[in-house]
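Next up: some structures, all given as C-alpha cells.
Two complexes, one shared chain (chain A), two partners (chain B, chain C).
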Partner chain A sequence: MKFKEISLKGKYIIDAKIELLTGLHVGTAGNSLDIGGVDNPVIKDAMGKPYIPGSSLKGKLRSLMEFYNNKLVPNQVVYTVEPKNDDKENKERAKSGIRMHLCNDENCEVCNLFGRNHGNHKVIINNNGDTDDLNLEDVIQPTRLIVRDASLDESSITKEMQDNMDFDYTEVKFENNLDRITSAANPRQTERVPAGAKFNCSFVINVYNDDNDTYLKEFLTALKLLEDDYLGGQGSRGYGQVKFKDIVIRFRDDNYYKQGQEDKKMYEYKELSEVKF
Partner chain B sequence: MNFKIYDAEIKILSPTTVTSGFDIGNFEVVFENNKIHVIDIMKMIKENKKAVGLIETFDFYNNKADFTRSLKECGIDYRKYIKYSIDAQNISYNRSSKVKEIIKTAGRPYIPGSSIKGALRSSLSRALNEESRYIESLNKKINEKKDYEAKHYGKKMDILKICDDIAEKELFKDSYYSPFRLLKIADTDTKEYEDLSISEIKILNICNDKVKWFKWGGNQDNINMGVSIHTETFKIGTKLNSRFSMGFIDYYKNNDIEQIETDCVLDFAEKIRKDMNDYIKCELDFYKKYGLEEIIKFYNNLLGMKLKENEFIIQLGFSTGYKPKSVIKNLDDDFIGKLINAGAKNIKGMFPKTRRLAVYNNKPTYPIGWIKVTLKERV
Partner chain C sequence: MKRFRIKLKFTSPLHIGYKEGAFNLTETIIHSDTIFSGIINCHSLLYGKDKTDNLINEAINGNFKVSSAFYYINDEYLYPRPVGMNFKKYVDDFKKEKKINYVSEEILFGNTKEAYLKDNMLLKKDMKKNVYNVRERPRSTLDRITNASNIFYTSTCVFNEDCGLWFFMDAKDYIIEEIISSIKLLGDEGIGGDRTYGYGQFEFEPLEHYIEDIKDKNLLLSLCIPNEKDKVEDLIFYNIVERGGYIYSNYSKVKRHSLFRMIQEGSIVKGDFKGCIIDDTPEDFNYHKVYKYGRAFLIPLDWEG
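This part shows the complex of A and B:
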C-alpha cells in the first residue's frame, strides 16, 4: 500500500435553497396501515416535517456526474452488490446486482469528489458483464464532498398552500396506471411535497493539497445537471424538478478554525445560471 | 457528453382536464352571472354562526334540496365565502350537478407530467406496430383466467388491469430497463383560475346506428335530455410550460452494458404526429358517418395544421375515451369477443360506441383533451 501525504487546506461551505418546481417524492417505508396513511409516503423527520436526505442528494449528484464524465464504461464500473451466484449465467438476471463507477485513477474527478469504497471489488471488464478483481487501497483518499440533510423551509409553505393540501406539509396525488389493451385503470396514490416548497441545503467540500477550486467547479456542474434532471422518485413522470437559489459559497481555512476570524464569502449567486468559472 | 433537454410549450386546443379524482359537491357551488362560484364551506362555518345551524339541518343527500336558496333564506351572503370563481359561459347547469375538480398542486391547476407521459407512451407503443403481441398477451391472460376459475369453483379472477403485462414485458423488459424511463416529462407550471372554464360534457352513444345521448334509464334523441357532466377544464388557447428530457440517452444508445432498447423513444415527435394523423382520420370517419358538423370541423382543422418537426398534437386526460389509451387499432368482432372474455362489461356490437363531447349552447362542439406541444431544444 502506497502512502501519499494529504494536507487539508480548508473547506468550502456551500449554502443554498432548493426550490421545488414540481412536487417532490423522496419515499420511505410505508405507513399506509396507519389511520389516514397513504400508500407511498415521503420521508419525514422526527417532527413530521418532510426533508431531503443528504444520501438522496449525494447519490443523485454522483450518478449524474458518472454519466457526464463518461465513467460508465467497461473497466470503470464495479458491483457494489454482486448478483446472486445463481444469476451469473443468466444475462438478464445478472443485472440484479448494483453497479456504480469506482476506479483507481487517482485524478478521477468523480471518485475524488464523491469518494471511493475501501476493499476489494469486482470490476466489469466487458459488455458481457465478465468481471475481474479490483483493489483500490493505493488510491484511497478521504471523501471531499459532505452533503447535509436538507430541512424544509416552513415559511415556503404558505397559508394558501396549506389550506389546499391534504396534510400540513404535503399533498396526495392520485394517479392511474392504464392497461394498454383494456384501458382499465389501476389507481395509485403518492404523497409529495408540493411545488413551491423550499429546502435549506448545505454542502462541505474539503480542499486537500493542490485542489484549489477544482472540486468546487465539479460540484457546481453536478448541481446544474441536477436542475436539468430530477430529484427523488417518479421523476420521469413529472416529479422532482428543482432549482437552486440564493447560493452562498464561503471558504474556511486555518484563520477561521485557529484564529477565530470570519470565513471568506467567496461567491454569491441568485441562481446557478450566474455561475461562470 | 450530450444531455438532451427540451422546453415544451403546451397549448390547449380543446377543453382539457386531468381531474383530481374528487367532485365539488353541488352544495359548494353557486351558478350565477355565467360563473361558477365555489364556496369555502369551512370558512363559512368558522365565521358565521347561522351557517352552523344550516349545515346541521340541511339534507345534503337530497338532490332537490337547494343549498343556495337556503343560504339566502338564512340571510347568509355566500359572496363573502367564495373560494374561487370560474367562467361558465354558454353551458347549462342544474343545481344538482357536481363539478369534477381539475388536479391542483397546493390549490393551483396544472397538467401532471404523468398524464402527458402516459398519452405519449400509448402513442409510441401503437407506433411500434406490435399489436399481435398484445393480442397474444390478452389470449394468455384469458386462458389463465379460465384455468383459475375452472380450478376454483365460484371464484372470479380479475385480469382487466393486467392484460398487457406479458406484451409489455416482452417489448420493454422490467421497468428499470424500459426505454420509457429515458423520456422524462415534468409537471407543467401552474395556472390561475382565470385560465379555467367549466365545460359541460355530454355522452354521445350510438344505438342502432343512430346518434343518441346517454341518460340513466334510456338514451335520448334530444341532446338537451342527455346527462351532463360538469368539469373544470383549461380554456382553449391557454399555454402551459413543461420540460421534456431525454437526459443521457446517447449513453444508452451507444453503450451495450445497459442494453436498453432506445429506438421506440427516439424521434418521438415524428412518431406521434403520424400516429395521431391516423387516429384523427378514423375519428373523422366516425363523426362524418353520424354528421356531427362542429366536431368534423374541429378534426379537419387539426388535420390541416402544418406541424413543424418540433411539434405534435395529442389527446390526454379525462373523458378522452378508450382509443387514445389503447394500443389496439383493429377493434374487430374477434377482439371485442376477447375483451368480453377478459371480463369487460357493457360491450355489445360496435366498440367503442360512445364519445364524450364538450357542449356549448346545447351543440356538441369539441372532443375533449387536445393539446399541441412545441419543443425547443436547449443548447
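This part shows the complex of A and C:
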C-alpha cells in the first residue's frame, strides 16, 4: 500500500460553445404513448428545452481517448457489467458483458483524467476472453475531469428555424427502411435538435500535485477527436457532428477559495484548430 | 462562536443516494453527516492532512458543527417537523395533518395564524409550483468493441427557481475562514453522487444568524449518535433512522461505513444533548482516520406538549 498525499493545486475551467453541424439525437425514454407522437424523443430538461447530459459527453470523450491511446488491449480491458450467465465457454461470456478500459497503470492518461471505478473488476487477460482479478489499491486518485450538462443557447434557434420545425426546439425526421424483396416500407420518426443550434458547455479539470497542464492537453486532444466523431445516437447516419467554438480556459488556484482572488484567464481560442500546445 | 445560515443555490441537479444499488432513488435533503464529510474532504484538498486533522479535533471538541440541510423557498426557511407536535389548528383534516414533514420557520417560531399545505410542507405563503422535481432518466454504457449497450436509470433532484437547501453552521472565529473556503470549493466539486457529471454543484451565501441558548426542550436539526454521557431519558420524542453508506476517500478503494442507528432530525430532546463523532476507521485502512459525524445540533423550542 502506497500513501501519497493529494493536494489541490487549482482548477482549469473550460467554457465553450458546442455548435451542431448536423442534427443531434440524444435519446431518452418516452413516458407517454401519444397517438401520432414521436417514437424516439430527445432528452429535455425541466423547462422542456433539449440539453446534452454531462454523462453523454464524458462517456463519449472517454471512449474516444481509449481508442486514441491504444488502451483496448488485453490486460487493460475490464468487464463493467459482469457477464450474466456464468457459462464455462469463454466465447459466450465475452458476448454478454460490457467491456471498457480500466487499468492499474499509475500514469494512465485515460484513467487519471476520466476516473477509475474502485470496485472489484475482472480484467481480460487474453484474446479468448479469460479473466483475472484487477487490483487498483496502489493507483487510487480522485477523478480530474468534471463535465457539466450543456444547456441550449435559445437564441441560436431562430424564429425562421422555428417556423420550419415541428416543435419549439426540435425537428422530427422521418426515416424508412425497405424490404429488400417486396420494397414494403417500415417508416419511423426520430426527434432531433436541428443543425445550427448551440449549447453552452463547461468542463473542469482538477490539477493535483505536479500535474501542471498535462491533463489539459489530453483533454483538448479529446475535444479534437470528438469533432471528427459524433455525439449522441445515429452517428454513422450523419447525426451529431459538432464543432467547439469560443473556447475560454481559466485557471483557479487555491487562493481563489482561500482569499477570494479572481481567476486568471489563461487561453482564449475561436476554435479548436487554433489550439497548439 | 458564530452561527451562519448557509443558503445553497444549486446550479446543477443533485443526486443523494440512500439505498444500496438503487441509482434511481434520490433523497431531496442532505443529512448532516454528508455535509460534514463534504466539508472535511474539501478542507483536506485545500489545506492538507495535518490541518484537517486539527479541524476534526475542533469538531470533536464542539467548536465546529453543522446541521442537516432543509428546503428554503425565497426567504422562507423550512424545519423538520418536530416529532409529536400538533398542527391541527392550521389544517382542517387530521389525515392531511399527519402528512406534514416540514414546517416553515414562521409557523414554528413566529406567530403566523394562516398556513398552507403543499405536499408535505406547511408553508406561510401559498405556493403553486413545486419546490423540487425528481427526474429519472435512462443512461447507458456502451461496449467499446461491439457497441452493445447496458441501460440503467438514475434519478436526480432539480430545485425550482428561488428554491434550494439551507443549513446551520456553528464555528469558532479562528476557523470560520477555512471552513467558508472549503464550502466554496465544495460548491465547485459538488456534493452527493455522480459529481464528475457536474451534479451537486452550488453557489452559496453565508448569512450570520443569532445564537439562542438551548433550553429545556430543544429541536434536533442534525442526525445524532448519543455519547456515553448523554442520558437516554433526555430523549422526549424521537425517531431512529439507519445510516449505512460508503466511505469517500481519495486514497482508498470503496469501503463501507459501519451501520449506524441515529436519532433523526426533528426529534425533541431535553437539555444539553451533545452527541459524538465516532471513529469508524475500518480495520485494514491505514491512510487516514474515518469518522461518522453524529453531533447534535440543537435549537430551543417553546412548546407545551
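The criterion applied here is as follows: the second predicted complex is superposed on the first by the 262 of 277 C-alpha atoms of A that agree within 3 Å, B and C clash if a C-alpha of one lies under 4 Å from a C-alpha of the other, contacts with A are read in each partner's own complex, and residues count from 1 in each chain.
We adopt the following convention: a contact is a pair of C-beta atoms (placed from the backbone, for glycine too) under 8 Å apart; a residue touches a chain by one contact, two chains touch by 3 or more.
A quick note: this is a predicted structure, and the numbers were derived from the prediction, not measured.
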item: Chain C versus chain B on the shared chain A, clash or fit after superposition; value: fit
item: Touched partner set for A:F174, first chain B, second chain C, both or neither; value: first
item: First, second, both or neither for A:M165, with chain B first and chain C second; value: first
item: Chain B versus chain C as contact partner of A:I43, first or second or both or neither; value: second
item: First, second, both or neither for A:L72, with chain B first and chain C second; value: both
item: First (chain B), second (chain C), both or neither touched by A:G10; value: neither
item: First, second, both or neither for A:G233, with chain B first and chain C second; value: neither
item: First, second, both or neither for A:G196, with chain B first and chain C second; value: first
item: Chain B versus chain C as contact partner of A:T22, first or second or both or neither; value: first
item: Touching partner for A:K58 - first (chain B), second (chain C), both, neither; value: second
item: Overlay on chain A, chain C to chain B nearest C-alpha distance, Å; value: 5
item: Contact residues of chain A, present in both the chain B and the chain C interface; value: 67, 72, 77
item: Touch list for chain A against partner chain B, complex; value: 21-23, 67-70, 72-74, 77, 92, 95, 124, 127, 129, 160-161, 163-165, 171, 173-175, 177-187, 194-196, 225, 228-230, 234-239, 241
item: Chain C-facing residues of chain A, complex; value: 1, 3, 5-8, 11, 28-29, 43, 45-46, 53-55, 58-59, 63, 66-67, 72, 77, 80-81, 97-101, 114-115, 118-119, 136-137, 140-143, 145-149, 202, 204, 252, 254, 257-258
item: Complex contact set, residues of chain B against chain A; value: 1, 3, 5, 20-21, 103-108, 110, 112-114, 116-118, 122, 125, 134, 137-138, 160-164, 167-168, 173, 176-177, 180-187, 189-190, 243, 245, 247-248, 251, 255-257, 322, 325-328, 339, 342, 344, 378
item: Residue numbers on chain C that touch chain A, as the complex places them; value: 12-13, 45-46, 48-49, 133, 135, 137-139, 141-145, 148-150, 158, 177, 181-182, 184-185, 188-190, 194-199, 201, 249-254, 286-287
